[in-house]
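In what comes next, chain A is part of two complexes: it sits with chain B in the first one and with chain C in the second one.
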Partner chain A sequence: MNLRKYLKVYKKFLHTSLASELEYKTNILVDLITAILSLVGSIFLLSIFFQNSGYIGGWKFEQALIIQGIYTILNGITNTWFNPNLSEIVKHIREGTLDFVLLKPIDSQFFISFKKINPSGFLEIMLGFFLLFFCIRINQINLDLSFLTLSLITISCSICILYSLWFFISTTTIWFVKTWNAIEVLRSFLYIGRFPLSSFSFSLRILFSIFIPIAFITTIPSEVFLGLSQVWKILLELIVASIFVITSRKFWLFALKFYSSASS
Partner chain B sequence: MVQNIIDVKNLSKSFDISSKEPGLKGTIKHFFRRQTKSLKVIKDISFEIKEGEIVGFLGANGAGKTTILKMLCGLIYPSEGSISVSGYLPFRRRENFLKNITLIMGQKQQLIWDLPPIESFYLNASIYDLDKFEAKKRIKKLSEMLEIDDELFIPVRKLSLGQRMKSELLAALIHEPNILFLDEPTLGLDINAQRNLRKFLQKYNKETNATICLTSHYMKDITSLCKRVICVHEGTISYDGKLDLLLKKLSPVKEILIVCRSEEDAIKLENSGFTVKNKIKNEITIKIENNSITSSLKTILNNFDIEDLFINEPPIDEVIGKVLIKKDYDI
Partner chain C sequence: MISNLINRKLFTLLKVQYSNMLEYRVEIALWAISGIIPFFMLNIWTNNNLNESLNISDTFLSRYFLCAFFVRQFSVVWVVFSFEEDSLMGKVSPYLIQPLNPFFRYFAQHLAEQITRFPFALIIAFFFFIFNPESIWIPNLGILLLSIVSTFLSFLIQFLIQSIVACLCFWTEKASSIERLLFIPTLFLSGLLAPVVSFPAYVKSWIYLTPFPYLIDFPANLLSGNETNISGGLIMQILWIFILFPLFKKIWSEGTKKYTAMGS
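Let's turn to the complex of A and B:
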């Protein structure tokens, strides 16, 4: 793979999608306000849960805020990259414009995953980081190199799992043509990621760890922040993320053999 | 000797198609138990195309023209048979193969809707790994050929269909491909825009010796661009050869309207052995076979007092229309 070419193309993607989005100023403004209100609403909801008892699933409110912070960053990444691009896959397949993507001398997964960007998601990412730094202060967390490395690794794994799940569902469009509902279900499950895994019953914990790995997405990085995570959990997240990325890639290449293109 | 650039042997393609009975009952049945059947849309076809050729694919809606084109450019896998385009197996979509071809579809667009076309051109240039200087040079050259200038800087959504199609062409040709697949490129364009597009394609073919495979329902596209046509009928090739030969075969007779100086001359002409279609006063319409047209006209002009004459070609759409509904043309 020619890395220099891919960087050049990505620079162009950034430029064109930012230029496209900036054509509609009001839309960006509304998105920004929505992001702020959504975060305020989530924190308010969380505080209601913690009002009667100081702990939920063994987590204090200040600790649970870390999960909210990570969730906000991931949601920001979802809104910045995954939503504008991966939702388009359905459209590309339904309308047959995937033809143009497949005939370009560039990796088709790269093209459809990174072509667009929604700048309003950046604010959510920034708000998430801001909340995390606030949590680091109130939870008196030591910022050392191993902490930063582990946090970076686990958050990157979470991004990979989330991306692969979304991409996997979108790929099934090649057979089922319309999978918007499945993506909406995935997004609803992600809301669960705002709460500690231990606050759910045993059966739900199994569901959210094995079948829909929401647990890996927010809880494990949060445990790293609090110094509660065990090495095996981090290793497991790494393995799960690798399996998800590789499987979604292979699934895409397999699915393309069944692409029949839309009729003209 | 000119080499074959496209080689297709015993190509077939089947699709799984689901069918639904009408009404609510049919809808529910379709939802729970979908009945699919395999439909062979391309049936064992073979042909070759030489470098620099412009070939028109003719056929009724659903005949399989677009499917053939999509298999040639590697978008869909063939079910049986082999395809070689520029020495590559298209469906593998190797980088060097993709740099050699382009697909233009009249009903689909790749330009970024909210931005001026120039942004899409530079994006494509970076995908084809062209540097900024080279991209600028090619955009200038192609925009001059296509006669678009100011339009390059106007958002795509504000351009007319004709301007948009020209921009689509520029975006699709920035990497200077030597094989062009055009699927109804003039669809929806007005007469002038259609003519300009055809003029451009002729010029592009002449200057670059690019091979062009074209489907179109506008007969003018086919007659002004293609010397050779491949007629597709229900997934099979019903005719593959020169267009003028096909036209001669399909309309072997021309109608000639002759205006005589006097009615007596018209009567004399009527009784001279020509096949007469009709006669109104001094105007007479006769039918002459294509191969004897020169000698017949010579005889008429030498022996009768003629004021004027008109050769009426049968409408091309009418002639080609016969191809779309017939299975075989042995010429």
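Let's turn to the complex of A and C:
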């Protein structure tokens, strides 16, 4: 019953934000071109890396393309849901409008995480899927049930980790008010997700798997695609994802205790 | 007389903006951190020995990427985002009444931010040298001055391009998406992620005619003490400024006629 209420509310969210975003139709076209160009650019960069060496960190060019595909999908999801909503938190807190969110008879985290949607990200997600299908063909991957479930599980875990990272940084706004730049830092670190983890030196690998789990976000799902992934890695990703989701939730509830409204 | 007036105004603006920027030290420090992507790229290059077949030595590469980091730090431009916000909020109207082009204000803002950023960039460079002691070098005074000039010219080119895009706000309201589109070729072709020397021949044949390699690759090569065509590079930079400046003036005078004072 509760779930039905949330679904109903979400439908309304979708409706209102789509209506307001579709006002800027040329914007969506420009965003699509941006997404295509940025994919072309990263494949270009990858081809520079591979022009004199067959392998990077043990990955062939065709295999590294899978990472690009998964990154593009995740980036599309970030641009569709996380980015527009979580930058709104900063505004809510600075202007004190978070009061209105907290007063509503609905979970505040749900409200601020899903209120908005940016449809131009859909095109990026589709672009990523096209690339992935292309990769499945050139790498001759068998589409069987276990592969599909495993890749679905790992990608959803990646989405959870990504969401938690974004939400975590946005939550710190309650103390620091201006976290716009912290989001920029996260963005630039996430950029690393375009490359296989094994192409970095040991110290950076540690950094990217323990402190900022970028490794889990793209490398493990790509390994699942290639059938290289061990069971323990997938289990680890499941554990990391659930830790992240639970902590970000706890952190939000904790942070709310420190929320002192602004300008009212 | 006129230049004296502009100088005095610009100096006052700079002083105001500098004290303004000093308030946001943490944000600027974070912003400086978000520019460390070149170091991650360096890690991929050296860790996979990609440079060997290109005849680029490790020390050259680490110096190059450090210089690329520096050049990027002092040529970051965000005038579109400021101008878009100001124009949506109607803040541009009072600026237009003043006997000074509002872009001088943004220009002073950028310069002040660069001065504030300088110590943070030095700290990051210091850490870089701790990890890569073999790449320490001292450029001679002439080269240092020339590279400061060329970095400033690179900043000017980007500032002019973004100002032209910002003027599109008079027509479309959301010009920042066009800027995000333009940022993609800047990111991949300017030499921030890979030196232009390493680009395949089919790109190298035309890239030197575009403004991109003069934004980061040329000043970075100059500063790191590499063989570059110094006079040719500087001439191209100045040439691009001479092309862009009249374009900006034209679009500015057209745009102000279109201005409809939103939000006020």
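What we mean here is this: the second predicted complex is superposed on the first by the 263 of 264 C-alpha atoms of A that agree within 3 Å, B and C clash if a C-alpha of one lies under 4 Å from a C-alpha of the other, contacts with A are read in each partner's own complex, and residues count from 1 in each chain.
Basically, a residue touches a chain if its C-beta (ideal position, glycine included) is under 8 Å from a C-beta of that chain, and two chains touch if they have at least 3 such contacts.
Computed from a predicted structure; not experimentally measured.
S.K.: Quick check on the superposition: with chain A as the shared anchor, is it clash or fit for chain B versus chain C?
M.R.: These partners fit in the superposed model.
S.K.: Between chain B and chain C, which one contacts more residues of chain A in the superposed model?
M.R.: If we count touched residues of chain A for both partners, the winner is C.
S.K.: In the overlaid three-chain picture, which partner chain does A:Q230 touch, first (chain B) or second (chain C), both, or neither?
M.R.: A:Q230 sits against neither chain B nor chain C.
S.K.: Classify the contacts of A:F49 with the two partner chains as first (chain B alone), second (chain C alone), both, or neither.
M.R.: Only chain C; A:F49 stays clear of chain B.
S.K.: Now for A:F195: first (chain B), second (chain C), both, or neither, which partner does it touch?
M.R.: So A:F195 only meets chain C here.
S.K.: On the A-aligned overlay, A:T247 touches which partner chain: chain B = first, chain C = second, or both, or neither?
M.R.: So A:T247 meets neither chain B nor chain C here.
S.K.: Quick check on the superposed pair: does A:T97 touch chain B, chain C, both, or neither? Answer first, second, both or neither.
M.R.: So A:T97 only meets chain B here.
S.K.: Scan A:K12 for contacts with chain B and chain C and give back first, second, both or neither.
M.R.: After superposition on chain A, A:K12 lies in contact with chain B alone.
S.K.: Output check: A:G57 vs chain B and chain C. Expected answer is one of first, second, both, neither. What do you get?
M.R.: Once the two structures are laid over each other on A, A:G57 reaches chain C alone.
S.K.: Which value, in Å, gives the least CA distance between chain B and chain C in the superposed three-chain arrangement?
M.R.: Minimum over all C-alpha pairs: 6 Å.
S.K.: Using the superposition on chain A as set up above, list the residues of chain A that contact both chain B and chain C.
M.R.: 24
S.K.: Give the list of chain A residues in touch with chain C in this complex.
M.R.: 24, 26-27, 30-31, 33-34, 37-38, 41-42, 44-45, 47-49, 51-53, 55-57, 176, 178, 180-182, 184-185, 187-188, 191-192, 195, 199-201, 204
S.K.: In their shared complex, at which residues does chain B touch chain A?
M.R.: 15, 66, 70, 73-77, 93, 95-96, 98-99, 101-103, 105, 107-110, 112-115, 119-120, 122-124, 126-129, 155, 183-184
S.K.: In their shared complex, at which residues does chain A touch chain B?
M.R.: Answer in residue numbers: 2, 5, 8-9, 11-13, 15-16, 19-20, 23-24, 95-97, 99-100, 102-106, 257, 259-261, 263-264.
S.K.: Quick check on the complex: what are the chain C residues that touch chain A?
M.R.: Contacts found on chain C: 24, 26-28, 30-31, 33-37, 40, 43-50, 52-54, 172-174, 177-178, 180-181, 184-185, 187-188, 193-194, 198-200, 203.
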